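To start, the structure under review is shown below, and the notes come after it.
Labels run A, B, C and D following the written order; every chain starts at residue 1.
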Amino acid sequence: MIELKNVNKNYEVNKNNIVNALQNINISIQEGELFVLKGASGSGKSTVLSLIAALSKPTSGEVIVDAKQISKLPDNFASEYRRDNIGFIFQKYNLIPTLSVSENILLPLVPLNLPAQEAQQKLQRVMKMFDISHKAEAVVKNLSGGEQQRVAIARANVNDPKIIIADEPTANLDERLSLSFIEILKELKALKKTIVIATHDPLFFNLDCVDREIELHKGNILS
Amino acid sequence: MRSKINFYLIEYALNALLREKYKSFFIMSIFTLLTFLLTSVFFITNSIKYELQSTVDTLPQIIVQKIKAGRHYDIDESVVDDVLDIAGVDDAVARVWGYYYFENAGVNFSIVGIDAYEKQYKKSFENIIEDFDFATLEQTPSMVVGRGVKEIMKQSYYDEYFNFIKPDGSLKRVDVAGVFDGQTQLESNDMIVMPKETLKEIFGMDEMQATDIVVKVKNPQEVSTVAAKIKLIYPDTRIITTQDLQISYQNIFDYKSGIFLALFVIAIFTFFIIIYDKASGLSSEEKREIGILKAIGWKIDDILKEKFYEAFILSLFAYLLGVILALLYVYLFQAPILRDIFVGYSQLKTSFELPFIFDLHTLFLVFFLSVPVYVAAIIIPSWKIATLEADEVIR
Amino acid sequence: MPMKKIVLLMLLLSSFVLSSYAKEFMKIASVEPVLVQKGEQKNWCSVCGMNLKKFYKTSYIAHLKDTEPRQYCSIRCLAYDMQNHELDGDIKVVDASTQELIDAKKAYYVVGSKIKGTMSKVSKLAFASKEEAQKFVKKYRGKIVDFASALKMAQDSLKTDSAMVLKKKKKKIYPMGKKVFQKMCKQDIDLSNYDEVNQLKADITTKKLCKHLKEKQLQAVALYLLEVKKADTKEEVAKHIHVTKDEKCPVCGMFVYKYPRWVAQIVFIHNNKEKHLSFDGVADMMKFYFHPNKWGDYGVHDTKEMIKITVTDYYSQKSIDATKAFYVIGSDIYGPMGNELIPFEYEDEAKTFSMDHKGRKVVKFEDITPSEIYELDE
Amino acid sequence: MILTPEVLAIFILNTIFAFFATIAFVLSVKIFLHWNIKSVSQSQYKLEKQSYLSATIIKYIFAIKVPLFLFFIFTLDKISKVITGAMCGAGVVDATPYGTYLLILKVINLYVFAYWLMLNSVDMKNEEQPYTKLKFGIYIIAFFLLMGELVLEGVMFNSIDIDKMVSCCGTIYSSTASSYISNIFSIDTGMLLFLFYGTYVLIMLFALLKNKYLFSIANLFFIIISIIAIIVFFGTYIYQLPTHHCPFCFLQKDYYYVGYLIYIFLFLGTFYGVIVAFIDAKKEQMQRDTKISLVFNTLLVLLLSAYPLIYYIKNGVWL
């Protein structure tokens, strides 16, 4: 399903300072797997997620998703691929704080210009699924952290993507909310979604539902 | 169909504008000011041109004045005969008119002498002749006065008649036969009309003399030829044609428009720079927002489109607002300040209103001078925003 | 002393201005004029009706066969009358300097001086003594001739002078006379009794046919009554060629209403109905006139079917008969289509225009050729 | 020199065009020389981003150029009122030696820019972006055409002499004139109409046969034959004058601005018709383009045919 082959990624901070974020990484993730990337911050977890989501391109190597070379997609096609296949849950939720819940959830659909009815169906489905319908018209910045995360998850799922990517999903949550997030993960897994999570939260370690774990350190996989 | 208007995107663009209240407001103010100024200037120039044209149209095509020692002097009435003989002349009328200073009230009356049986050179005189019996006015020296004049005379207890002081110091009593309402404020405020003979007596003019001669030429193309011929026959005259007047007005006008155009090109350039600058300066909040949109699947094209929707909403709104404000400013409030810059000939003509001339063409013109310039200014900033690395800005 | 000089100079100048002003030659009698005609009508010229006192210094007395003695304002009116009547006896003229009646045939005439003529472009003033005449010439220029040549001049210029006078009458006097008549006079004046202006003027004043009139008004009303009303000449109403907004020139396709100063029209009968076509200039009209079939089927196929052709007179902007008009070719005035044939009602006006505007030539309607028309486009 | 606010507006916009077109030109040259879709180098990413800027600029120029073209025609009409002899835009175009070339160049540029946009939209729909090199190569040529147009426009307005007399359209478009335009009048009207309607029928036929090359060529031919037919035949019915052939006058108010409609139909119909052969688009898009072409060509034919028909019904005769 997802394959990283000999991937290198360098960040150019300035001319004389090039950071090697990833070094010759090979990862293969199967369809329907719940895959966890462990490691301290700066270990390259987020970079891997970015590459899978085609948010950035590898300096060398290939990223193949669904037999498709996403590392060479032109920008517009990368966006299309992201929109249709990836649901991204960010650490800081990355919601637009001045918009309402429903507006935030609908954002990925805006460029599609769907008929109003179809868009509403999709919206209602995810709001119900992640239990945020009661706050549909509330402005996001007035919501609690947990609610905001549910909005973010709803947004990630509004297009019914095959792959869910989560970057430090529990970093800003207390334990109770973290546990309920894991419940949501289980639900998503039941829907046969491929899930990739980057985290250093020990809560995820040795979890039943986690199929595989990899630990990254300074851009290298620790076996 | 993809080509359908994306209302979600418009809604989003509108929201985006509202979120950046101060910036949007600032840009809109500048834009509105620009279109407002531009439209106002075009409206004013259109109106003045129209007014100028209609003023010039009512003026006699040619005025012949005798010049002696550099000053305007009485002209022989027989000049009319010679002028009439020039090919192309339709009519020539010897005018008798002048100013009379009424010391008591400290005002100048303008007095016009008319002959009831002549063709009149001004429409308002025709009306006066129809309303008053000039045959009897000639019997006992009497006159018709503007309503305003009547008031002024009354204040000095001249109700039935008025005593004019002749150049030789003696008095000439002229009865007030009636009051007329002038076509303009100006006319009724200072004009007195009386038979030519009576006026000549008051001014101490010779019987066969006139103040000046106005000439009517049927074919406007011939005016300059006729004028040249009169000058040839009477080298001691000054010939004023409407064309001369028009050219001198036009010169003042072109000069001012020229300055304006120069300023305007600078203004457009400044506008471009300001917009460019404002559109380039992005807050980290905005950058993050674009990053989010790209991360959740917006294409560069989508973001560009959204930016152009924003630009279009803003510019269209500002454009309409500017035009509406200009309409109000120019036609309702008669364009204070700006009008004075353009009305260079206020001393030539005391008062006038800017007539309402609505020209769709002007609106297109203003549109082409503002909206494309604005859109051009945001091309590069929008592109920079749209091609931001999402990955870098959302972390 | 410069100051003194300046004062002197100024005095000199002012006296010069004053004297030249005072000594301006006036035709009005400064003595009691001798008037020989009978009754009230003696005040006016037998021919033109002008006031004799006013033009006393150019006036004449003559005896003609079968008439009372007649008095004229000028040699022009004398010449005019001599066309219809035979002279009987001698002619008396007023000496321009002494204002005495002298024998015209023995007088010295100053012609072409700076003084304006009475009813003529060139003045002809009579003097009894040669010295006086020479003195006059010194001051006002001109040359000295005898009566015969002065009269000859008057006769020769009679036509053009009359045309000039008529032009003025049409433009100024008849309209004024009409207004005066309508406002001031009895509307039932029987004009059949009057042949001459001074008769009518006399009766208007003595029989109170009109309310009190000033000389100018009297003259105007009398001329109007005799020459317009009695002669029953149709009052010329300045008519423009009327075009509607949808009329297009069949030749060039332009809307004609945009160029009212150049309109020309051809009227023809088609299916017993009067129809017309409008053109935005004579050149286009002539193109159609020469080849009516070339421009499409408008129901007129031959020049014979055209019953009226009108063009717009360049000067007066009136509608005039095209076939009687005169056309200037090659002038520096352009019509809406560029080079044009400029139409005029009168030949002299056409010639004047041609002089003013560098015209190449003046032609009559029948002399216009198609090749000339098409040359205009080049 | 004629400097009305309209001309000034055109000049200001031309300056903006020149400025942005130059930016796009520099970028296009870079892209044309170094584009390699397979490369994952930083410079390729940069080129990719810059291609968006170029495309945006070109879209902008085209989007403004279309209404500006109409405004330009409108301005010519307005200027014609101050020039002796001119009665419509034709006179102004004829007033200088550059007018005709400018107009032709403007029309060519409209087609080229529209073609570029079509190419771009097809290119952007394909992950391989197969036309990127081609489209920026075309833009390099289009840039020179555009600059030529801008310079020519400046020169034209600069050399208009208000006092010089020009020919009116009645003379320029007349069968008796000896200009090159008058040559078209030697074509027999029946033949011309046969060609006009015949080409239209062929267009329909090739659309049915789905032969895009023949379809495109027929459309190309249709542009020329339509313009000639309008001048020689249909114009006279619009004016209801057998001798008036001007292709400008019907842009005026007196004819209800019908000319704008005619030319817009002609442009859309033939443009979509011609491009099908030049762009290797997907089947649906080709069908769509063909459909648009057919619709507008049909509208044009109907609109033009209506004039003589209505005339005949009203008057019972042909002109």
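The rule is simple: a residue touches a chain if its C-beta (ideal position, glycine included) is under 8 Å from a C-beta of that chain, and two chains touch if they have at least 3 such contacts.
Predicted model only: the values in this text are computed from it and were never measured.
Located most centrally within the structure is B, per distance between chain CA means and the overall CA mean.
With respect to subunit B, maximal separation of chain centres occurs for A (centres as means of Cα atoms). For the pair subunit A and subunit B, the distance between mean C-alpha positions equals 67 Å. Subunit B and subunit C have Cα centroids separated by 42 Å. With centres set at the average Cα position, the gap from subunit C to subunit D is 61 Å.
Subunit A and subunit D have centres, each the mean of its CA atoms, that are 50 Å apart.
Shown for subunit D are the residues that touch two or more other chains, namely 49, 52, 124. Residue positions of subunit C in touch with at least two other chains are not found. Residue numbers of subunit A whose C-beta contacts span two or more other chains: 75-76.
Every pair of chains that touch is listed here: A-B, A-D, B-C, B-D, C-D. Residues 37-38, 40, 45, 48-49, 52, 124, 127, 129 of subunit D touch subunit A in their complex.
If you check the complex, the residues on subunit C that touch subunit D are 248-255, 294-297, 334, 336-338, 374, 377. By the touch rule above, subunit A contacts subunit D in their complex via residues 57-60, 71-77. Taken together, the subunit B residues at the contact with subunit D in this complex read 42, 261, 265, 268, 300-301, 304, 361, 364-365, 368-369, 372-373, 375-376, 379-380, 382-383, 386-387. If you check the complex, the residues on subunit D that touch subunit B are 3, 5-6, 8-9, 12-13, 16, 20, 49, 52-53, 56-57, 60, 64, 67-68, 71, 74, 78, 124.
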